[in-house]
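Two complexes are shown next, each including subunit A; its partner changes from subunit B in the first to subunit C in the second.
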Partner chain A sequence: MVDATSPTAGRILEGPRGSKPKSRLSRRNIFLYGTLLLVSIYYLLPLYVMIVTSLKGMPEIRLGNIFAPPVEITFEPWVKAWAEACTGINCDGLSRGFGNSVKILIPSLILSISIASVNGYALANWRFKGSEVFFTILIIGAFIPYQTMLYPIVIILREIGLMGSLWGLVLVHTVFGMPILTLLFRNYFTSLPEELFKAARVDGAGFWGVYFRVMLPMSIPIFVVAMILQVTGIWNDFLFGVIYTKPETYPMTVQLNNIVNSVQGIKEYNVNMAATLLTGLVPLVIYFVSGKLFVRGIAAGAVKG
Partner chain B sequence: MTLADTARVSDNPVRRPKQLFRNLSAKFASIPMILTALVVFVGGTAWTVAHSFTKSRLLPKWDFVGLDQYERLWNSNRWIISVENLLIYGVCSLVLTMVLGFTLAALLDRKIRFEGAFRTIFLYPFALSFIVTGLAWQWILNPDFGIQGVVRNMGWESFTFDPLNDPDIVIFGILIAGLWQGTGFVMVIMLAGLRGIDEDIWKAARVDGIGITKTYVRVIIPMMRPVFVTALVIIASGIIKLYDLVVAQTNGGPGIASEVPAKYVINYMFEAQNLAQGFAASTMMLLSVIIVLVPWAYLEFGGKKRG
Partner chain C sequence: MNINSHSVEVRDLDLHFGEVKVLQELNIDIHEGEFLVLLGSSGCGKSTLLNCIAGLLDVTDGQIFIKGQNVTWKEPSDRGIGMVFQSYALYPQMTVEGNLSFGLKNARVARDEIAKRVARAAEILQIEPLLKRKPGALSGGQRQRVAIGRALVRDVDVFLFDEPLSNLDAKLRTDLRVELKRLHQQLKNTMIYVTHDQVEAMTLADRIAIMKGGKIMQLGSPDEIYNRPQNIYVAGFIGSPAMNMIEGRIDNGHFAGHDLSLPLDGYEFERTDHHAGPVAIGIRPEHVLTGDAVETAAAQAEVEVQIVEKLGSDTLVHSTLGSLNLRFRMDGLSRVTEGDRLRIGFDTSRASLFDAVTETRL
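For the complex of A and B:
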C-alpha cells in the first residue's frame, strides 16, 4: 500500500463519496487495493506469460516454469514467427498474414468510414421519407447473428467476382461495420448545433458542400473514434477472414490460428507465443496510444441512440 | 433512435408531387445503407431461413422438405452438446461479467489512486482478438507446462487442473478466457453509469447513515437499471456469436465436448457440404436472438413511443 501512505492520499480519499479517512492504512483501504491488485494479476498474467515464453529457448521451456523469467533471452522465436513459421506448404511466417491484414484494413477503413459518415450525416440533417425505417433495419440487423447472412454473402460475392479476394473481404467489413458506425456518426451530427447547418444552407451550400466544408472539419474526434473502433474490429476479425478469403489472402488472425493449432511437427511454444503477441500488437498499440478515445469508442458502441 | 427529433426533417412540410426527386443527394448517399439493410440484412436472412426448409447439400436448391432439417438438427448429439455448452457458458458469463464488471467499477469509483492504471489493466484484453485470447489461455492451461505443470513441479504431484482436456469442464476453461477478455468492457460501461449518478445521492445516504454496500444494493443498482439492461443486451448478443475463442482454444475438443452453435453452423455450411443443415442451425440461432431481444425492445422502445 505504497500509495496510501503518500501525503496526498488523505485529501483524495476525502471526496464526497468515500467514507471518512480513519487511518491511512485502514482495513477498507487494504481490502480495496488488495482486491484490485489481485485482479490486476489475473489480467496481467497472460500477457506476462506470453512475453516471457516468447523470449525463451525450447529447452528452457521444457525444463522450466512458465512463470519464470527467461534465463537466457533469445529473439530467435520472434524472427521465426515473423519470417519462417509454416502454414501448410508456405513457410514465410506471419509476415504474409500481416501484409494481408494491412491490405484489408486500409481500404476497409476508408470505405466503411466514408460511407458511414455520409449516411450518418444524411440521417441527421437530410432526412427523407423512409430514411428512419432503413436506419432502424440497419440497427436491428446488427443484432442478427452473422451466421444467417454468411452464405447469401458468398453468393453475392461470387456473382460480382470478388469471392476469395481481399476486396470481397473489404466489402464484407464495410457492410458489417455500417450499423455501429452509422449510429455513431448520426448521433454525433445530431448533437451539433442546428444553426450551423442552417447558416451553411442559407449561404447556399448543398448536401456535399455542407458535409465537406462544415461537418467534416468539425468532427475530427468522432472520425478518430470510428477509426479506433474499426482498426481493432477489422484486425481482430477471424470469422469473415476464414470464410471469404483463400489461404494466400488469409488475414493475420487466421494464419496465426493455423500456425499455432497445426497438428504437424513439434510444437514450438516460444514461436507460437511470439506469433500470438505479434498478432495482438497492432490493437494493443492502438489501445495504449489512444487511451480515453478507445474507451469513448466502445462506450459509443454501447450507448444506444 | 426512437424519439424522432422532428426539428430537422426536411424544410418543407407540404408534400409536393416531385417527392421522389427532392433531397436527391441524400437519397443517393444513402444507397449503400439501403442496400445493406434490405439486400444483406433482410434479404440475406430471409434467404437463409427459406433455404433451411430445403435439402440443399453442396449447392442451394429449392426442394422443399418442410421441417426435416430441424428434426435432424435436434436429433443430432453434436447440436445438443453445442446448445448445452452455449447455455452453460452464456449463463455463467452473463452473471459473472455483470457481477465482476460492476464490482470492479464500484471499486474504481471509490476515488482511489491510480484509477487510470487499473482501468487500463482491466480493459486491455478487450483490445485483443478472441484468437489471441484463446491461444494465450491454451498455453497457460497447458497440462504439461502450464498451471498444472508448475504446481506439480513444486511437489504437489497429484494436483490436477486440466480443463481443456476434460470433457466435463472444458467449457469452463473457455469461460476463464472469455471472462478475461470481456469483463473490462462491462466495467467501463458500469463505470460510466456510476459516474452519471448524482453526488447528492451519496451525501443523502451518508446523512441517513446507510452503509456503502447497502447504498449500492438498495439505491445505486436500482438507479442504474438502464445501464444494466444495455450491458445485458450487449453481452447476450456477444455470447451467441461465441466462435473464434473456441476455435483457437480447443477447436471443439476434446472430441465434441466444447462445440458451440456458431461453430456447428460454419462446419456444416463450409466444411461438411450440408448447407441446409447449417441454415437450419443458423435459423435456430436467429430465433434465440429474437426470443431474447423482442421483449427487451418492446419494454425499452415500445413504451416510450406512446409516451
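For the complex of A and C:
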C-alpha cells in the first residue's frame, strides 16, 4: 500500500481528510444552547432574587424593584436570621434549629444507612428462612402513604417516652428510610458478581467478614447515593419535625417556617430570604461535595476484578 | 494414585431449587489424587454439583464425604477445599498479595507462615512480579493464575474448578490447560474440574463423568468414554464430528440396516446372536476407511460426497448412502469434491453397538 502522508509518496491525494469540521453556529447548536439558557434563567432567577434581597436593607426593599442589585450590601439580615430572629419566646435565630437538625441528621444517617446496608446484604446474599416474606413486607412498606401512620407513631413514641425528643425523630427517620434504602442496597449487592461472594465464603469469611472486607469496599458509590438521599430527605423534612418534636427541639425547616410565617411585626423579607438560603445550604453543600465523590466512586467501581 | 482411598464421596445426593429437581440420587466416588472432570452441556447441573461439594449450596438430601469425614453440613472453609471460578472472582480492592492471603488471614494463620505460603504459590504460578498489583491491572490469564493461587495457598486436599478457562481466548486456554496438568502432576491433589469443553475434558482428566439432566451418564477414563461409550447419549456427545449412528437389527452375527451388512466378528459382546430387538451401531468418523485401506475392510459401500470441509490436517467429508448420512475423515491432501462417488469400508471391531430402545451399550 502507498503511504499517502509520507513525502516519498511523491503526490498529494485530493479532497478532504481528517475529522469533519463542525460549524459552531449550526441551527442545532443555536436551538440546543438557546433552550438550555432559557431553562437555566428560569430556574436561577428566583435564586438570584433571594440572594439579592437578602443583601439589601429594608428601606431599599420597600422601593419595590426586586431584580435590582443591592445599592449598599449589608450582611445584617444574615446575622439576624442566624442568631437573633424570634420564633415564639426564643430569640436565638436559626442557629438552634440548625443544631437540632444536625443532631437529628447525623444519628439518623448513620443508623438508617448501616442497618439498611446490612439488611440489603443479607437479603441479596444469604437466603435465610423467611427472607422472601421479609422482603415483601419491606416492599409493601415502601408504598404505604405515611400519612396513615402519623398518629399511630405519636402513640408509640409517647409509650416509649420519646415523644418530643430528638431521638424520637431519629427513630422515625430511621424506620421510614428503611424500605427504600434496603431495596437500594439489596439491588446493588445483587448486581455484584455472585462468585465473589462464594469465593469469600470458601476463603473462610463469615457474615460480617464478607460484609466488611469484601462487599463494603466495593460499594462506595451506593453508600454515597444512600447518603445523598437521606441527607436531603431528612434535612428537608418538615412534617415529621413539626409533629414529633416540640419548640426547643424543632429542626431547622420548622423553625424557618415559623420565622417566615411569623404574623407579629413587619415582614422582614431580607431576613426571610437569608434564613431560607441558610436552611438550604446543607443539602446544597452535600450535593457539591458528594457529587465529586460519587463520580469517583463510580469510576473506581468500574474496575471489575 | 491410590485407588483404594476415596477423597470425595457423594452419596444419593438430591438438590432441588423449589420444584426443579436439579440433581437426583447422584452417587460418585473420587479417588485420592485423581483429576476428575465433570463434563456436560450447559444447564445439566455440573456447577450445582460442584457447589454442593464446596458447601455453597445446601443439599436437599444425601451426604457428602471428604477424606472420610461427613461434611454435608460443614462450612465451605472447613471442608479442605479450594475453588476457582470462571469469572476469577478476585477481590477488586485488594492487591494480588491481599487476594492470596485473605483466606489465610481468616484462618488466623501466623504472619510469617502467610508470607511463606504466598511466596511459594507465587513462585509455582509465576506471578511474583504481580503481587503488588490490583486485579484490575492484570490480564485474564494472570487473573486466573491468581485465582488458582488463592486455592493453592490454603493447602487444601481438594481443588474445585468451575469452567476456569472459559473466559480466556483460545491460545491462552491451551497454555493454561497444559499448566494445570503440570500443576496437578506437581501437587498430586484431588481435582474436580467442571467444563463443557470435551477437548479440555479429554486432555486433563484421569476420569470423566458425563452428566445430563442432573444424572451421571457414564464415569470412566477418557479412553473408555471415547472407545466404549455406555449409551447413545455419551456416544453422540463425545467426539467431533459426532459418531455415525446407523439403526438396524442383528442378524446371524451381522449388523443389518440401510442396505448394509456389517460383520460383528471383531466386536466384543456376548449376545450378538440372540439380541432380537432394534439396535443402533455407532461408528466414529475415523473408523470409516477410505483409499487403499478399503480393500482390507470386511464391509464396504459406495457413498456420494455432499460436503467437503478442509481442516488442514485432515478433510472432513459429509456423504450420503441412500437415506443415511455418513461423516468421515480423509487425509488433508485428498482431492475429493462434492458429487464424487467414493468407496468406503467399515472397521466394525471398534464400533459401538447399542440397544435402540434402552439406548445402552450391548
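Observations
One rule holds in what follows: the second predicted complex is superposed on the first by the 256 of 305 C-alpha atoms of A that agree within 3 Å, B and C clash if a C-alpha of one lies under 4 Å from a C-alpha of the other, contacts with A are read in each partner's own complex, and residues count from 1 in each chain.
Keep this in mind: a contact is a pair of C-beta atoms (placed from the backbone, for glycine too) under 8 Å apart; a residue touches a chain by one contact, two chains touch by 3 or more.
The structure presented is a predicted model; accordingly, all values stated were derived computationally and were not measured.
In the superposition on chain A, A:205 contacts subunit C only, with no contact to subunit B. Of the two partner chains, subunit B is the only one that A:239 touches; subunit C does not reach it.
Within the superposed three-chain arrangement, the count of touched residues of subunit A is higher for B, of the candidates subunit B and subunit C.
By the touch criterion defined above, A:40 reaches subunit B but does not reach subunit C.
In the overlay built on the shared chain, the residue A:141 is in contact with subunit B alone; subunit C does not reach it.
Contacts of A:195 after superposition: subunit C is touched, whereas subunit B is not reached.
When the two structures are aligned on the shared chain, A:272 is found in touch with subunit B, with no touch to subunit C. By the document's definition of touching, neither partner reaches A:223: not subunit B, not subunit C.
By the touch criterion stated above, A:280 is placed in contact with subunit B alone, subunit C being left untouched.
Shared contact residues on subunit A (touching subunit B in one structure, subunit C in the other): 303-305. Subunit A contributes residues 3-4, 6, 8-9, 12-13, 15-19, 32-33, 35-36, 39-40, 42-47, 49-50, 53, 61-62, 65-67, 115, 118-119, 121-129, 131-132, 134-141, 143-153, 155-156, 174-175, 178, 182-183, 186, 190, 194, 197, 206-208, 232, 235-239, 243, 253, 256-257, 260-261, 269, 272-273, 276, 279-280, 283-284, 286-288, 291, 294-295, 298-299, 302-305 to its touches with subunit B in the complex. Of all the residues in subunit C, the ones that touch subunit A in their complex are 51, 54-56, 75-77, 81-83, 85-93, 102-103, 106-107, 134-136, 143, 147, 150, 154. Residues 193, 195-196, 198-205, 209, 213-214, 217-218, 303-305 of subunit A are the ones that touch subunit C when the two sit in their complex.
Put simply, subunit B touches subunit A in their complex at residues 1, 4-5, 7-10, 19, 22-23, 25-27, 29-30, 32-34, 36-45, 47-49, 51, 60, 104, 107-114, 118-133, 135-140, 142, 145-146, 149-150, 153, 180, 184-185, 188-189, 192, 199, 202-203, 206, 212, 230-231, 234, 237, 240-241, 243-244, 247-248, 251, 262, 265-266, 269-270, 275, 278-279, 281-283, 285-286, 289, 293.
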